[in-house]
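Each chain carries a letter (A, B, C and D) given by its place in the written order, and its residues are counted from 1.
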Amino acid sequence: MYKVEGSSFGRCLRMTTWGESHQKAVGVVIDGLPSGLRLDLKEIQGEVDLRRPGQSEISTPRMEEDRVEILSGLFQGKTTGSPLSMLVYNRDVDSRPYEKIRDIMRPGHADYACRLKYGFHDYRGGGRSSGRETVSRVMAGAVAKKLLQYLDIRVIAHTTQIADVSLEKTPSMEEIERNSRSNPVRCSDPGTADLMMKRIQEISCEGDSSGGIVDVIAWGVPPGLGDPVYNKLDAVLAKALISIPAVKGVEFGSGFKSPAMRGSEMNDPYRIRDGRVVFESNNSGGILGGISTGMPIVARIAVKPTSSISVKQKTVDVERMEEVDLVIEGRHDPNITPRVVPVAEAMTAFVLADCCIAEGLIPHRFPE
Amino acid sequence: MYKVEGSSFGRCLRMTTWGESHQKAVGVVIDGLPSGLRLDLKEIQGEVDLRRPGQSEISTPRMEEDRVEILSGLFQGKTTGSPLSMLVYNRDVDSRPYEKIRDIMRPGHADYACRLKYGFHDYRGGGRSSGRETVSRVMAGAVAKKLLQYLDIRVIAHTTQIADVSLEKTPSMEEIERNSRSNPVRCSDPGTADLMMKRIQEISCEGDSSGGIVDVIAWGVPPGLGDPVYNKLDAVLAKALISIPAVKGVEFGSGFKSPAMRGSEMNDPYRIRDGRVVFESNNSGGILGGISTGMPIVARIAVKPTSSISVKQKTVDVERMEEVDLVIEGRHDPNITPRVVPVAEAMTAFVLADCCIAEGLIPHRFPE
Amino acid sequence: MYKVEGSSFGRCLRMTTWGESHQKAVGVVIDGLPSGLRLDLKEIQGEVDLRRPGQSEISTPRMEEDRVEILSGLFQGKTTGSPLSMLVYNRDVDSRPYEKIRDIMRPGHADYACRLKYGFHDYRGGGRSSGRETVSRVMAGAVAKKLLQYLDIRVIAHTTQIADVSLEKTPSMEEIERNSRSNPVRCSDPGTADLMMKRIQEISCEGDSSGGIVDVIAWGVPPGLGDPVYNKLDAVLAKALISIPAVKGVEFGSGFKSPAMRGSEMNDPYRIRDGRVVFESNNSGGILGGISTGMPIVARIAVKPTSSISVKQKTVDVERMEEVDLVIEGRHDPNITPRVVPVAEAMTAFVLADCCIAEGLIPHRFPE
Amino acid sequence: MYKVEGSSFGRCLRMTTWGESHQKAVGVVIDGLPSGLRLDLKEIQGEVDLRRPGQSEISTPRMEEDRVEILSGLFQGKTTGSPLSMLVYNRDVDSRPYEKIRDIMRPGHADYACRLKYGFHDYRGGGRSSGRETVSRVMAGAVAKKLLQYLDIRVIAHTTQIADVSLEKTPSMEEIERNSRSNPVRCSDPGTADLMMKRIQEISCEGDSSGGIVDVIAWGVPPGLGDPVYNKLDAVLAKALISIPAVKGVEFGSGFKSPAMRGSEMNDPYRIRDGRVVFESNNSGGILGGISTGMPIVARIAVKPTSSISVKQKTVDVERMEEVDLVIEGRHDPNITPRVVPVAEAMTAFVLADCCIAEGLIPHRFPE
């Protein structure tokens, strides 16, 4: 069970997160920040609010205030170069439902795996495996985005599929930025967003849940990020994105379409435009040999349907060692995809900021 | 350009690899091995031979002997608990073709990204970005497999798609083991293997290349491997697999099919069989909440078509800053998928062995 | 300024600390803990109280309550295997004196070095370089000691020199345990403790400060801890101990006396007693080739005189770039050595617990 | 026994060493090097030659050629930014004497500790614990020195004490550079060097061994190196230096003299000279709060007397579990201090180069 930094992520910029769903708080310590970076608590709060539950009929009604507090590392509104410690207290937590089903393994959840691994652990609300942990990631991501602003790098994620409803066209950066925050499913196309909402509700009415696909795009990424051989940019992004709860797959550029393509289709031709080398296409997703090329980074992740459903499920009581049926009470997100959007954005921004620091592209000390 | 351990992988069991395509040798140093593990050079050589080029008409005719040498860490046929250092000398290397195209960026390769990142680097044969680097991974993987034998864990990869030819049925462990090493494409079904071979050759005759999909399965994996939150087993495997050259995507269990499934379909029901808890299905791919469940680990990776093709490509000469056409001379693998198979196997075995050591499942000292 | 984990320590057991002297709080996140370890907040509080200032006439009168709060990782009084997050709020902080001398470099302090390194930082009270940071270490050390109890390992530090007053005889474990907590200088001999107290006060009356030497001993350490080549037990302990503010040197066993000894004196002879291999002496300090031998670990650290003194000092105002005289107002510890004692103990305990986990000597899951 | 990177050192610049005394070779892989750094094999060879045995009557006559080979990472005489792999084959190795005393624990050596730790290991010549391992460190140090040349940083170590013979005066940088390489004891004063040589031989004639003290000084170190809290420059140097075989203590600046000093003596006053801030003294050894101040770094290490002596020693045969007398045959270094000099220099240079890279003071790509 040696976790060996299981709760830390990043190399030069490093986040260490802590907290369980039903403990006092969840938090993050960010080490390796430059000094003098201006941070606005309101902006961090804004990012956390985006992932907060209870925002529409398609997310869980657990009403959390999720108020971000900064405990160290900020002085006169600027980072000090020392660890930035932030936390959010857990407020609206009702542990009673979890007592009742303590020994009943919820299908699709980590209950059983954690029980075997830890013997003793905080089973309430999924404990450390709960989606609640992602609050820490979003706080860290908000700080990473501030670092990326210095280089005019923008990272945006948006929902491109919900259940069997897909976004057909490829939207522009402007469309994604303009539209994907204005509907609860975080889709860049308002019409498709409506269809997606409807599909979620239909499935939810049957007591069941659905999944989705999230695209993450980063514009303005300079070439040269990522390190051969094991810290390739795509390898590190893959780790970051797959580590998000409920994500079952990740692909870059042409991804799983690549196997059926030919080399002559797949290879992005180089051209010269206005005296600069450019690519005519972006099947590589902005990464060749694990190093960024200067083209937009394009990643896509598969989000599985929410595990907690009110449909009756076959499972076992591991204490009594007997087969039982389980109907999960209370309401849960009928589709978690929209809440994965800010988390995917946060993790991608964190990886890129870390790489930019490693490359020396972000100064050690921000100018006054 | 701070690589910060870019050439090292693993936590308790750690490999550090080195070597470039046209330098004297490629090698690996493995630290963290238990003492007293019996290692047979022949077995390691056998694994390296599986990835060796020049084995059939569908792989590059660069005839390398690829003879593994052990320089330290082995005494009387057993590991000493000190770093195991292994290398393979590069022999059949002709650097001249690379001199000619030094300033011409090969589409699909890392040339341009490396040039921007390093300024000065060994461009010959792709240097450190060359597939040649994977020899080191395979040597390390062979040692990892020996460790896994202690726990009766078996890791096998096989080709399930080549271009548009897919393996239809799901083969058994026995079929994969029996068949996938007996044909050049590493497919578990002999009939499909023939179709795949034919397809590779058809495309190759046109001077073009194709890609494929490789499935990696691990049987006998104990529950409890993997650490929340950032070192989840699937997250670490994703990093390991995406770091293999030419891999553009990875998925676990139902992967990219999950978004369109419902929770009630996706969730693997728990049952009791012979007094033990089992799962009725394996949509999770053997991993829940980032922790192994005891079911087989199932991962799938997308391999892009070989970048080096003899079809004429549009590119640029970055020294002269002018657009040029490129026809890559010599012969290259028309499809790299079969040679990715042993590498995917090696990386998966290494991750699992590392996790087993972390969990204390593999002894510090092997019995006499 | 890439800190790259500058605020984290440990390999399997890992502490990440945060907090600055005049920020809201100081804290620690401990990752890699086994699950099921019973922790008593009162015991942790007891350790923190030992380092608290304001306990006698020889330490600073800053009256801090230093109340430890646990925010995550503990459930029903036992560790969950998830990160343990603890903090202490900073209460009695008066930042005004620091405003006045913001640009005047205090000799012996890190002011100037930090200013050059960070440009912008929290200069109040030394910021991250303040001794206040050691609260986090002591909290982590208290948890490490609980882990070591499982193996009956005891770590005790005590003061053996203050200014020119030295402890002459070598005390037993019992004497150190019994006496060194019952006097403010933490010396194991009551008579010497009185002389030490007197000496501190004499020098303090002149507005000056003094230093001291702390011995750290660990009994019951099993053989085999420590890893060749760079993570030798003494190398890791040296890093841990030198990282404590004000420590200027560290030695093990015969230390700086070894150079003038002969091999025949220095080498500890092996003997057999009661059927077991023992050493006849302990010049090695319990470590040979960087690996524990089973004998007590003996380390010794040199603590420099407190930098803040009321004697007039020559320094510079770096803003005006002019030479000035500085008299530091307020009261400070006239001798920091006694407060280094619990910190040295904490760091040593943490290193040993980390090594015991690495060796598999501490279980992953504590029994009920 | 999880070594977890026991054979790797450094953060941005990272060396991984391998090899045992009686295995085929010893080597090092350096990762994180900038590209375009001109390296001369002859200079690396020169450093290795300085630590080579058999150079005078005071060192072991094992005649090793110790020829450095570079296997990867160098192209056209310049680093490629990929791992630099170097090795030295072991040639003059006679393993027979070790067979005879396999079960007899040599006092002062790591035999017993390693036996308990590993169970099975390569006991011949000390295996991985042998001083032979330091060849790898010296190769890495030679590369680090090339990096430091870019910033005009010079690191020099010299012997300041042998047995009871001490160097009385403090030599200048010029004296150390000029004189300390021209006598076998590596002392900066020719007269004292003669006395030291004589003392070594007197003790050696009695079949016994002696120890010494080595001072390491680094000039031209820029301010700002080192990271609070756990990666303080002195903490990292302490780890690096204590990890050298036979070193029992380390101190910085006034070191173990500090405890008896007063704050007003210890604190180095700031002054302004030629418009720049300077220190009037260097009791801090060039480091305050773990960060370099711009003054020379001054470290001092205690080297114990060589463990292998021909004087009869009391020990045990652990196989037969009986007490025996041991007279170690063959000739060994009567004093290892002079051979520690280049190793201490190498480790210090490596730490400083690593810190300079971390601070962005060394370019990612060296100019043509």
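Please note the rule applied: a contact is a pair of C-beta atoms (placed from the backbone, for glycine too) under 8 Å apart; a residue touches a chain by one contact, two chains touch by 3 or more.
As the structure is a computational prediction, the values presented were derived from the model and not from experiment.
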Listing by label each chain that touches chain A and chain B gives C, D
Among the chains, which is located farthest from chain A on the basis of C-alpha centroids? D
Averaging over Cα atoms per chain, report the distance between chain A and chain C in Å. 39
Just how far, in Å, is the C-alpha centre of chain D from the one of chain A? 46
Chain centre separation in whole Å, for chain C relative to chain B (CA means): 46
Using CA atom averages as chain centres, what separation in Å is found between chain C and chain D? 27
Could you list which residues of chain B touch at least two other chains? 1-8, 11-12, 17, 82, 117, 128, 228, 358-360, 364
What residues of chain C sit close enough to touch chain D in their complex? 1-9, 11-12, 17, 105, 107-110, 112-114, 116-117, 126, 128-129, 133, 161-164, 203, 208-213, 223-224, 227-232, 234-236, 238-243, 245, 248-256, 258-272, 275, 277, 280, 284-285, 287-294, 302-309, 311, 313-316, 318, 321-323, 337, 358-360
Under the stated contact criterion, what part of chain C meets chain A in this complex? 1-8, 11-12, 14, 16-20, 23-27, 29, 31-32, 34-36, 70-75, 78, 80-85, 87, 117-122, 124, 127-128, 357-358, 364-366, 368
Within their complex, chain C touches chain B through residues 2, 4, 82, 228, 359-360, 364
